[in-house]
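Below, each structure is written out as structure tokens.
Below are two complexes that have chain A in common, paired first with chain B and then with chain C.
And then the complex of A and B:
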């Protein structure tokens, strides 16, 4: 007699899919496996953004900056810092979370829109650094041939590493969203003033959410290094942040797996458009406009609406809507 | 328990609260009355830290709380409802109250335990007390206006306050809902020994419930005293009650 949320079918499906995916390198071609890796890494990035924006209601406008910080930290620690690869890869998320803490503390006192604007400026500053500080970052060439341990250097090993890490991160994020911290975060999204009135320190809570989300963005950054063995300044470009935003929008804010689905679609679309990269922004624009007009709640949003509709049609006299919280 | 003295707050040039004073003793049911725009809501916002006063003092249990942020004041034992239903529309009714209970128990920042297993009994008992137990899985945003106002009170109860502040708890309610809410407030005050500070336009509610009444006009306190005394006060009769 309480809002029970037992293991949902979606969670079971996801778990099954996750396990099945470990066999992908044995049955699928090299390129397909690589593409799966890209989807997983990008999806993790999008889901970390959704944690803040969809569940936390924050204006995180430049999430890619933290992805880049994670990736560059890992790359630089390994190539210039002489750290063992594992340590470098672990340093990525930590550096991203630290950047999140610094930029977050600077911006958190501002109102939402200024928060977003300052974030874009500071993030762009990092992009310029990656682009212009040749001696450290190699500029727009990026850093290539990052040496990795043998276990994860090959395509099969890299994929297994990515799949395992993304699975763990998703599990962690799911638990965080289902914890009091996550419930309170959604309450802040709905009504920050009311939250303050029930004794919640809204800013501290949001700052903690930023640190958590940027940490996971940093994990995605490190996994990018595992996947590609290289990093590029474009990872921090603000247009890429827009792209992540669109992935969340496409899959559906407020849903847990939506952004992963959105990432899959965008990644596949980009692969299809392939050679005509100069038209990519145009394609993105069309997708965005289509979304706003036809799918304001994203693809997972349709499923939710259908369920509601069916339940109503099934003759519920009072319209009962169930929370579309995590899961 | 609560003592407000010489409180002032101006919005630009407009003096919304201008020398308000108020005393609430433990167990009191204090009503603040006054015409629209008298500054009642602003006074409550000052007490609960949603606004900062320009001048004056607010002491709660002997401690000056005038400079504290809203969440700190709540943690010291003052909870409130708002004049305009102020809930979490995309959370379930149950979660709306649960958020407050979690906060009161210092669990809001817990990352590792599932919310769905925490503070269930406390939350359930509050929902039963206010009569919302059958709506627990509904989204709060889908409730009727009257139920949203009740949920407001339930959220405030979740904080286990020593002092509960209600800003026009029956505003916009039907006569039946008003009667039920009145009964609820009385019962809460009686059963839990709550100390209550509220404002209300319905004079029947006020004189039925309050043990002490504070009359406000143009941001100023005209008088505070027991209901009979306030009813008999010539200044009050002329300024406010006369027009009823």
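And then the complex of A and C:
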């Protein structure tokens, strides 16, 4: 008998939600659909970071740099390169993955904090280029009014494109994390020395993870172009990289959908608080410190912990418990 | 005539670069010290630098431009910054030392976000500048080149801070304990030393240097919101190329950073800011752990 592949209820729910969201432009207002688009793009970016940090244990401190590379590549290919828009949007993720390969191969020579510091340095170089290379990038003003194909130029079309792309990316990420490669990645996170001892090429796995994660960050960058029709240097700024960290932390590091949830909350909170006061970053700072003290495993981490308690109460032992309680 | 002109402009540009390097060094050495002892990249360092600059302005203007106001500002601003950092450390930060580095980094980021907006609340978005005392105003004539006195003054302060910090960390009991705690926290605790307070004072010392850097820079640039974001990236770069936690590495890194930028101004003004970043990339490609030995 063939072993039956079990589909978890969470996966079914996610699939159902994804399909239902395609009808959003028909029922929701224009601004709500736009916000949904922002959440999806930002959430994809946060999930790509979590692939590296939550599952891979790498100190990817400047993930936004790759998001920016994807967005700027797409924008420049379309406006300056004369490429068809679809080709430009496809070039974004490829360029981001290439940048990930180059910067990643410099970073993985070192451990943890040094890895992060070097990445901030190299990522900031990209930011400076976007900010100062006026003739190419238009500097501080960014690039606006990027022409897009008619199918995705309107808000409804853009949303459908984003939703479809994000869905495919999440599916791909889910498969990658469930694969032996994903398991190896988590093993490296939990104990790199032991992994090396049993013959796993730790650095090669980490580099592969960086390329994969930066590719998805690049997809998010291209989708940002679809959503906004513009790019600007703040997308590559280090502050934004740390904001993505907050989203992962808020949603939950060791969960798959956590960063998407975190992104949704941060985007909505920003819209809500930004409408009331100019001190949004103060609120964000307080939220962040509150999270670190009271909710270090994030919102979905609570759910995970509750399930563990329940299982323990039912008398079943959980071998996965140790790995997930760490951090 | 042509060569004399370019020589004098090169000389004054070099002085600008060197004095900028001194400010960068004072800030980066504080960052490096905290990294060395607490192993935390303090993202709030830039915000404390900014607060130092604003506080210096407030103190100096409160005394109505009296020359003593300047010196009082140079003394008072770092103390205010020290007070803020001591409060943050004792109330919040010290409860997190057992956590992962990532959480510590994110905590300092949260602090940076809060301090940035608090600065906006207290001081507003105006541009400010303070006036140095009369004998530091104007310029000195060297080889036919007018060199601003204040920049020359910074060239004296930078090395003085370097030597003082070196003395503190090698010759005093506090410095020795701090360095030992950086290597093995448990062992130092087992010897009966209150490690928590050592960390607190190390954090405060590093932050005071950020405040001092902010106070010293305030006569040379316009003090405004957003100055925290650029300095912290530069300080991070300097500390990385110098070797994490190494004070002299921070000095070498700052000089490299300041001088490449000022030479960049001579060669390609529009891209001057890119030169130091390129230097950083070259150094990190060749020697990823930085020029001098990291303390870890």
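As a convention for this text, the second predicted complex is superposed on the first by the 305 of 327 C-alpha atoms of A that agree within 3 Å, B and C clash if a C-alpha of one lies under 4 Å from a C-alpha of the other, contacts with A are read in each partner's own complex, and residues count from 1 in each chain.
In this text, contacts are C-beta pairs under 8 Å (C-beta built on N, C-alpha and C of every residue); 3 or more make two chains touch, one makes a residue touch a chain.
As the structure is a prediction and not an experimental result, all values here were calculated from the model.
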Chain B versus chain C as contact partner of A:53, first or second or both or neither: second
Touching partner for A:198 - first (chain B), second (chain C), both, neither: first
Chain B versus chain C as contact partner of A:208, first or second or both or neither: first
Contacts of A:158 with chain B and chain C, given as first, second, both or neither: neither
Which superposed partner A:176 touches (first chain B, second chain C, both, neither): first
Which superposed partner A:90 touches (first chain B, second chain C, both, neither): neither
First (chain B), second (chain C), both or neither touched by A:247: neither
Chain B versus chain C as contact partner of A:231, first or second or both or neither: neither
Residue numbers on chain A that touch chain B, as the complex places them: 1-5, 175-176, 178-184, 186-187, 189-191, 193-202, 205, 208, 254, 319-323, 325
Residue ranges of chain A in contact with chain C within the complex: 53, 59, 61, 106, 109-110, 112-114, 116-118, 120-122, 124-125, 128-129, 132-134, 237-239, 242, 245-246, 249, 278-279, 281-282, 284-286, 288-289, 292-293, 296, 327
Touching residues (chain side chain C, partner chain A) in the complex: 39, 41, 43, 92, 95-96, 99-103, 105-107, 109-114, 116-118, 120-121, 229, 233, 236-237, 239-241, 244, 270-271, 273-274, 277-278, 280-281, 284-285, 288-289, 294
Chain B residues within the chain A interface of the complex: 48-50, 69-71, 74-75, 79-80, 82, 86-92, 94-96, 98-100, 102-104, 107-116, 118, 120, 124, 136-139, 142, 155-156, 158-159
